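Heads up, there are several structures right after this.
Each of the next two complexes has chain A plus one more chain, namely chain B in the first and chain C in the second.
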Partner chain A sequence: MSALDSYGAEAQERVGFFTDTSVCIGCKACEVACKEWNLVPEDGLVWTGESYDNTSELGANSWRHVAFVEQTEPEVDALRWLMSSDVCKHCTHAACLDVCPTGALFRTEYSTVVVQEDVCNGCGYCVPACPFGVLDKRHLPRKDPPALPLLTKKEDGRVWKCTLCYDRLKGGHEPACAKACPTDSIQFGPLDELRERADKRLEKLQAENWNGARLYGRDPDDGVGGFGAFFLLLDEPEVYGLPPDPVVTTRDLPEMWRTAAIAAGAVVAGVVAAFVGGSR
Partner chain B sequence: MTETRSYYGRPVIKEPVWQPEIPWYFFTGGLAGASGVLSLVARLRGNEPLARRSLYIGAAADVVSPALLISDLGRPERFLNMFRVFKVTSPMSVGSWILGVSSGASVSAALLEATGRLKPVKYLAELVSALSGGPLSVYTATLVSDTAVPVWHEARHELPFVFGSSALASAGAAACTLVAPKDAGPARRLAIGGVVAEGIFTQVMERRLGMLADPYREDEAGKYSKLAKTCAAGGAALLVLRGKRSRLAAVAGGTLLLAGEAALRWSVFKAGFQSARDPKYTVIPQRERAPTQNGA
Partner chain C sequence: MPPDDAEAQDAIAGDHPFIMQADGRSWLFVPQGLEDGPLPTHYEPHESPFGNPLYSQRANPRRQQFKRPENPYNPVADEPGAELYPYVATTYRLTEHHTAGGMSRTVPYLSELQPAMFCEVSPELAAEAGLEHGGWATIYSSRSAIEARMLVTDRIPPLEIQGRKTHQIGLPYHWGTRGLTTGGAANDLSSIALDPNVHIQEVKAFSVGIKPGRRPRGEALPRFVEEIRERAR
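Up next is the complex of A and B:
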């Protein structure tokens, strides 16, 4: 892994999350612990009417989001309640990191993906680049003093997302959400270990006839090279608001650059052609 | 096809956070890039009036462009961070460098042209401006294609050509408004040819996109698209019919065409937002390549 090579002796084992939604009870302790530890600001309290979910989505001010899906099963005439704590996937091939023009987004020594808040200039490119809609710009009022009065905006203007508690990792602690999770639905650890654990869990659930159970983001051969934070889901990903087959957009970039080069050549050819046949 | 399932109809990906500055920049960047090329080729062909005016048009667009981009940043005071690194994985990084070089070159060339000084430096600046002009006029298409936005990413084969033809049409049209008809022949042909090429590439793009072409035809994007086609066709028709003889027709046709090209960029911009907003545009294409576990 080339990104890690640059860390030399400082490189660490790759860590991540395994979020086992089959034991999530929807307590939102992860959301609260994340906000508390990372000083993520409150961005308005609303009632959505969408089950118990008033957070709605991941964004600049919500780095964990517990989804609540209510399903009725006709055969048994019963309500099934799916709960799942969503988070940044810390992709092996991260589009946000690839497209970031300033280098504010970087790969840490733990193979996680983090935004440097003192470098981000709020260009917003990572926002539509992420196949999961994790990142967003913070529109809350700016807290730090303006640098150049004429060029400074009133809002924060930078992008924010889960850091996998980079500071806690450095101190040898597990991330706040995993620490707070009362059912171990959110498990933190070395990614290889988590994958093994997840395989066993899936086997057990399938043996118990949980037919909808599947691992999401575990496969290192998927479109983003596997997630650093992957999931056990009980239904199709889109039911939880997740993309069924995410692909890192930069996978197609070499081909896009070739197309751009041809198009740029065509622009010159077009101008030259305009001078052919006519006077001057 | 089964109905798309979603989480309360919420989008899977985030809508872009870019403001109106960005589609305007697509327009001014295209105008700047193609004008730089037009100016140099006109110079080489000995068409001085066209060369000079195109140089000024390009320089003006090259002054406006960075201002638009800086204004769109969440932290405008950190715009220099764009030049901390050079990343080929980021079309915005590459584009910032292209714009930096192109802008510096065309503005220098225009100033030297106006003051009549340092001829060799001016020629060099013109050459740099022309060489960076092609990339400047198409990279923005690569930039938007390199996102998870369905109607942009899936249009990655055609968008650079749509943007490139639009840039040619813009440069030709702008020159038509400022250059006397007798010297504006190549600019007229460029404007008309650009509109024709853009129409063809847009058609190809929409056909290849299939269901993903819908956002280009609906709501705001659809309105801008109609406006773009009407203005571009009207402007091109004026230039074809009267552009050679009447200065007034050339100015009117050129202006109309420029409005059409700006509307085209707005249409593409808005279509991206519309496709990001509706989860079906994200989910259905992914489902087509990855069937559900239940085989649906």
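Up next is the complex of A and C:
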């Protein structure tokens, strides 16, 4: 039985994001809209010198991260500036769900992956489990950040990540980042529809000789069973800081437990044999 | 798209960009209303390291100048001292901030996205002037000197102009002394020389010098600026 079956009549069509980085203009409206809607605190005033990216990575205080990649193509002596808005992938097989001991992380009726802030105890098991480094425990950059009145000013140590705006979905609205994106680089919708749209877009780009163009995480048969939030990239995933071949980190757990059980069985048998043998 | 036989305002397509013109188009010949019409021409900026290749009038003769002690102009083209301000600075906006930052540098969600005044130069200029990526630089004109973090990038390449390699310096103009993030104000560097029609000061192209390190503080700042001005005289 899949998690979705347990929702019965409440189960919804699977929804997600298609982030088409080929039209991203790097305005970061998605980052700000996300923070405004979800009351995510400021993450510190740190200038990185990494092009125009001062967010650096996804984390408890950054649920969208716009990467800026400056590339020179020596053959044509041209420069291009890649921009790409990263987010939790809402994996089909999500390792974070597998390891969460409290059930704080759960699969919603939309097939998205959400942390319940009132259940999470901050154990942090999910942090290393995510193959994309999405999950992160919340620490605040400053003692007294000039936070919005609704924000807690306490370090809480719980994990926070993109909820695909679960509350907005329930109200029939698209997530805040998709709503704010001026170029429709972030598209929200039923996953099947998004996949179809992405295939068409890729075809068009390839016909226009965008040789590096590819879909990332679209296919159900990749490492994590496909992403609920997948991407169109213009170059290798590594260029954007994304793992080329993500694997569900809990994939080998059953096998490991089996091996451990066999080993434990052998030890028990050995001890028993020693006693039986010794009593002779 | 309006049909071919459309008339008057119905003939203006939605994508005709010159929205201030009755026909939505740019005009090459402007019979009235312009101080420096009726035909377009090329002038060098008020402050530029070059003469005008088109004819002997270097900069717009109708520009408004203010020759006052607090608004000194850099020597230009082949005037003596122009070599002390050898680079072309241009100021611009970042999407994260609004004008001089008064309404955006007070907002945490915007300030964290662009949290420091920086200045963009090419790797060539960085090597020539001894600037280090991520380090500090002092940028100066005959008006003032400001400091900024160095962002060395291929996006701001040197230009080949009149046979001379000319370096550009990119300066966002959103910083000032108050707010969550503070920093050098690029507008301190530019001069007041106004275009004759809409009276906007020339901040998109003017000349500056640059050197590594932070700027002098307190009284040492005007002394530093004055000292270079003296040498240029």
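In this text, the second predicted complex is superposed on the first by the 246 of 280 C-alpha atoms of A that agree within 3 Å, B and C clash if a C-alpha of one lies under 4 Å from a C-alpha of the other, contacts with A are read in each partner's own complex, and residues count from 1 in each chain.
One rule holds for everything that comes next: a contact is a pair of C-beta atoms (placed from the backbone, for glycine too) under 8 Å apart; a residue touches a chain by one contact, two chains touch by 3 or more.
Computed from a predicted model, the values in this text were never measured in an experiment.
K.L.:
Once the structures are superposed on A, label A:Gln116 by its partner contacts, choosing first (chain B), second (chain C), both or neither.
P.N.:
A:Gln116: touches no partner chain.
K.L.:
Is A:Lys28 touching anything from chain B or chain C once the two structures are fitted on A? First, second, both or neither.
P.N.:
Touch partner of A:Lys28: chain C, not chain B.
K.L.:
After superposing on the shared chain, does chain C or chain B touch more chain A residues?
P.N.:
Larger number of chain A residues touched: B.
K.L.:
After lining up the shared chain so the two structures overlap, which partner does A:Gln12 touch, if you call chain B first and chain C second: first, second, both or neither?
P.N.:
Touch status of A:Gln12: no partner.
K.L.:
So, does A:Trp257 touch the first partner chain B, the second partner chain C, both, or neither?
P.N.:
After superposing on A, A:Trp257 lies in contact with chain B but is clear of chain C.
K.L.:
Shared contact residues on chain A, chain B side and chain C side combined as an intersection?
P.N.:
Touching chain B and chain C on chain A: residues 146-147.
K.L.:
List the residues on chain C that touch chain A in their complex, please.
P.N.:
It comes out as residues 94-96, 108-116, 118, 133-134, 149-151, 153-155, 180-181.
K.L.:
Over in the complex, which chain B residues touch chain A? Could you list them?
P.N.:
4-8, 10-18, 33-34, 37-38, 41-42, 45-47, 50, 70, 72-79, 81-82, 84-85, 87-93, 96, 130, 133-135, 137-139, 141-143, 145-149, 153, 156-157, 160-161, 163-165, 167-168, 171-172, 183, 185-187, 189-190, 193-194, 197, 272, 276, 279, 282-283, 286-287, 289-290, 292-294
K.L.:
Could you pull out which chain A residues touch chain C in their complex?
P.N.:
Its residues touching chain C are 26-28, 31-32, 35-36, 41-47, 49, 51-52, 54-55, 70, 72, 79, 81, 145-147.
K.L.:
Along chain A, where are the residues that touch chain B in the complex?
P.N.:
Within the complex, chain A contacts chain B at residues 48, 50, 53, 56-57, 59, 67, 69, 95, 98-104, 119-125, 127-137, 146-148, 151-153, 155-159, 212, 214, 236, 238-246, 249-250, 252-253, 255-257, 259-260, 262-268, 270-275, 277-280.
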